[in-house]
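First chain written, first letter: the chains are A, B, C and D, and each begins at residue 1.
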Amino acid sequence: MNDFRSDNVLGASPEIVEAIARANRGTMTSYGDDEITARVRDRCREIFETDLDVFPVITGTAGNALAIATLASAGDTVLCHNQAHIVLDELGAAEFFSGAKLVPIPGAEGQLHREDFVDASCLSITNATEAGTIYSPDEMRALCEGMKRVHVDGARFANALVAQNCKPADLSWRAGADILVLGATKNGGLTADLVILFNGELADAMKAHWHRGGHRPSKMRFLSAQLEAYLTDDLWLRNARRANGAAGRLARGLSSIDGVEFLQPVEANILFVRLPAPVPGYQFFDWPPFGEGAVRIVTGFSTTNEDVDALITAVASVAR
Amino acid sequence: MNDFRSDNVLGASPEIVEAIARANRGTMTSYGDDEITARVRDRCREIFETDLDVFPVITGTAGNALAIATLASAGDTVLCHNQAHIVLDELGAAEFFSGAKLVPIPGAEGQLHREDFVDASCLSITNATEAGTIYSPDEMRALCEGMKRVHVDGARFANALVAQNCKPADLSWRAGADILVLGATKNGGLTADLVILFNGELADAMKAHWHRGGHRPSKMRFLSAQLEAYLTDDLWLRNARRANGAAGRLARGLSSIDGVEFLQPVEANILFVRLPAPVPGYQFFDWPPFGEGAVRIVTGFSTTNEDVDALITAVASVAR
Amino acid sequence: MNDFRSDNVLGASPEIVEAIARANRGTMTSYGDDEITARVRDRCREIFETDLDVFPVITGTAGNALAIATLASAGDTVLCHNQAHIVLDELGAAEFFSGAKLVPIPGAEGQLHREDFVDASCLSITNATEAGTIYSPDEMRALCEGMKRVHVDGARFANALVAQNCKPADLSWRAGADILVLGATKNGGLTADLVILFNGELADAMKAHWHRGGHRPSKMRFLSAQLEAYLTDDLWLRNARRANGAAGRLARGLSSIDGVEFLQPVEANILFVRLPAPVPGYQFFDWPPFGEGAVRIVTGFSTTNEDVDALITAVASVAR
Amino acid sequence: MNDFRSDNVLGASPEIVEAIARANRGTMTSYGDDEITARVRDRCREIFETDLDVFPVITGTAGNALAIATLASAGDTVLCHNQAHIVLDELGAAEFFSGAKLVPIPGAEGQLHREDFVDASCLSITNATEAGTIYSPDEMRALCEGMKRVHVDGARFANALVAQNCKPADLSWRAGADILVLGATKNGGLTADLVILFNGELADAMKAHWHRGGHRPSKMRFLSAQLEAYLTDDLWLRNARRANGAAGRLARGLSSIDGVEFLQPVEANILFVRLPAPVPGYQFFDWPPFGEGAVRIVTGFSTTNEDVDALITAVASVAR
């Protein structure tokens, strides 16, 4: 495997593919009133240790936009990091669905700092961040303090969780989140992420945005089956551990090579490095904000030690 | 199988489930620049005998709303039947995504008639209609004549096609359609429909709406694989033939039962009937617009002759 | 005066023009925190005998769209008459600003009837109606019963009021209205209507929609001054009495002319009639929904008895 | 006059108030097809030396949002200064009306610099800027070079014009602007700004946004009359000269006072200064981005030399 452009160039966990085949039995009530979706909700209630609602979606962009539309509307301000996915990569989806105003805030290492904004607005936090760093529960709590409502873009939530071995609840509603978009696609899913709503008062609004947005499939079972498998036997955590482990191994290997410059701390499954030379046969994304030669390298749920070691060897060979 | 509420309570064709497993190999460029999506486009060009663009989506609501947003914007009027899915079932998605105004028009048997509207607006046609009737290529061409732009809601396009044995091109762009939302979900797919754009000038707009709407999955291959299987070896047509055949067999069987009243012509895979009494053990949707006792019965790609005959027997037994 | 196309082809009451000149003194806090706007609010509280908020706007379309956006959002249904201005004349403004779905309902004489819809949705009532008829307080109360929220398009509210000599409160919040768009432009104003919000919980939402919509002028005093003059010394009621009186006089005069057919009851300041022949030198709007020869004739705050009698004479002369 | 908070706390030029009274004669076709609006269009064609369309609006927020919606839609990026009114003060109006994404860019003295962005996007330029500085025609042309489409927020366009004595055409379409929102309200108008569209292909889109936005008053004559007076006998330029002159005189006076710190160059009618102490009896806006004690002082079309000199004296007296 020599394609390290993103965790979304990979396929899916076999358990998840099998779950889809298994879900293909008999008739089921459509639009989410089926038994598999009910089990996903129950499983999330266990994992997050609280009452909550779930809304499977096909993309993180959908999850973020619908979640923000549920929290914020005309006249609201949504603070977020200026490198957030909702700012840079989603074509204004959050503004379109919500009618609210995003206010991007700069911050080192992809992170927001509480002293850089005043409260009374809504807040969107990405954890793990786009820079590959993570917030601890304490840091999250400090950010959420005094804010009107809080959205968490958790496209790599599992990676943030296993990086610090804390509880899902501590990194979400206990820290102040009203809604979490739990990523699965980037971590072994096929085409499913999950909006988890901790604030029951907003369930009708979320349901309306979800349906009107065209994001509520009639055969919901096939999204929910992916999510059920993802959350069964800790597959989501195991996948994230492997991705993070591969990134750590890679960071250690590269750090001993002359001419490799680390541009961000490596805390999850993403590395930003400047390489001494192009590495033939490998695919990364160039990362112009960090200047000439900077690349982003992303490991995933299926990256093996062999993949990592081969890449280290390849970089070492061009570094000479 | 005793659940006839909708074609979306069924599962998926085994060929389509297998295609997902087969697509789970190696890394692929994300967001639709993969080889499977390219093959779907090529296959559609063959089937529709013209150049075109394809945009896989997860729901018909998404397909319709994004397609209409591509054709129409602020100040535009979109004429449609007053029982259209976009009017009754999508919570204003088409208006939300497009900013245009829907103008619902009544018409018997779920159909629009050219004399009921003047041209210079956009038009949305559903074929097969929500009433289970179909438009012929000639009828479609007459409707499209002089209209600014035309959208076809083809959630049951395959059913309309096999009902009259015409060519896909004749029931779409040759009749005047700019964009077709080709249903797969209701006809054996898992969670995939396909927006087919015949008007290349609009490709950038469609792409923007698709991405901003959160409807462009990173691991597109898993939607495209469903669609590729759907369009291979005429699976889509075979599935629709079986669904229509089951509806026809059912209609013939019911027509010989005293007290069964047919409320619409049966031309595709939907029946609207008034039953003489409730039928224990069976599920249909009540259909209040047609009055007391009216139900909608929908057959699907996996409905068997045995399923149909058992239902006929059950109705006959309550009719006595 | 021979232009009877609409009440908006007329100019403005002199009192209102003078009020603008009078407001042009000294500096004032902008965006509505000025003393004139405060007096308009106080005056409305007296007139409507309750607490309320006021939001001056430049057009009825703006007032309706912002008001509906305040009451309804994604997933909501807003029932309204199928000839309502919000349905036919505002290019989808209500849907655009609110994200809700309008559901147009037919009804004779421009009126809704309670038995034609079920509750739990939002409702938009036009009074006086587009057909020139009026609802009584009792009829309004019956319509509002059980509805989630109610908007009143009062472009001709004063005309409805003086036609039946009831209290403003009885025709608005006491009947169940949450928000009233009180027309002034069509009744002697220059460019000002007034959104009156009876439901204080919605004030923040209304304010956000108003400002974001570009409908909150910095020099608010110049809108508020119009409205203050309008509501002073019963100018609004006097103007409406004259408009309604002219329509009544005209109706009486025309009813004695052979070949004039009345197409709707005349209860406010609008007549729909079929004329026996074109009337040279006069301007009306043709009204195709009522067939060949149908026209709409609208009287206004400045229509004189001489204007009316001259028109009657002109019609009589072509009728011979 | 001791209120220097904004140019919108002032009243209106007498010529403009008189024009409203003068427009109050006879009946006129509504919604902008009247003779006064036609004369405004003709006058603008003379002033700007080109063909163009005009759309009177009630606020600059409306003008900006509608103009941007005309230039940009889903998928488009609109670059602008991060202190632009459309970014900081309009609650997301531009995003709401257009569906496009604003990308705010920092730049000293309220100005954009061509090297800070790449082309192929849309661009919004404010001239005079929010910092009270101005772009020359050459600077504007450099900014517009290679951009897809260009909007100019000209709330203080007249101030920018007279500050450098150039032609209106040179500071608008000749420099690359597709659309200009020409401010009048801040410069002696009552409640009128004017969208001037140089790109005729976009006229239908602009008209649709204008009407659907509720920004097209039926009695348009009363907006257009303001604008006609504004553009007659160079009233707009005379007013701007007086405002700029007052700012210049004030800057010269304050610059000789110890302890007054200038925070931005003074090129139009706005000063940003740090005062040595509060000035009793005067009103300014505090300006926190420039730190403790920073205020914004705005002069206007009616600011007199006496007003200015009195303020200088007052500052001098607290400075001692």
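What we mean here is this: a residue touches a chain if its C-beta (ideal position, glycine included) is under 8 Å from a C-beta of that chain, and two chains touch if they have at least 3 such contacts.
No experiment lies behind these values; they were computed from the predicted model shown.
Chains that touch both chain C and chain D: A, B. A centroid comparison over C-alpha atoms places A as the chain most distant from chain C. Across A-B and B-D, the chain pair carrying more C-beta contacts is A-B. At the interface between chain B and chain C, over half of the residue numbers appear on both sides, which makes the contact a same-residue one. Rounded to a whole number, the gap between the C-alpha centres of chain B and chain C is 42 angstrom. Each chain gets one centre point, the mean of its Cα atoms, and the points for chain A and chain B are 33 Å apart. Centre-to-centre spacing of chain B and chain D amounts to 51 Å, using the average Cα coordinate of each chain. Taken residue by residue, chain D touches two or more other chains at 74-75, 91-92, 96, 99, 208, 211-212, whereas all remaining positions touch fewer. Because contacts link each chain to all the remaining chains, their graph is best described as complete.
Those residues of chain A lying in contact with chain C across their complex are 69, 73-76, 99, 204-205, 207-209, 211-212. Listing the residues of chain B that touch chain A in their complex gives 1, 3, 5-6, 8-12, 14, 17, 20-21, 23-30, 57-66, 90-93, 96, 185-186, 189-191, 208, 211-219, 222-223. In the complex of the two chains, the chain C residues touching chain B come out as 74-75, 91-92, 95-96, 99-101, 104.
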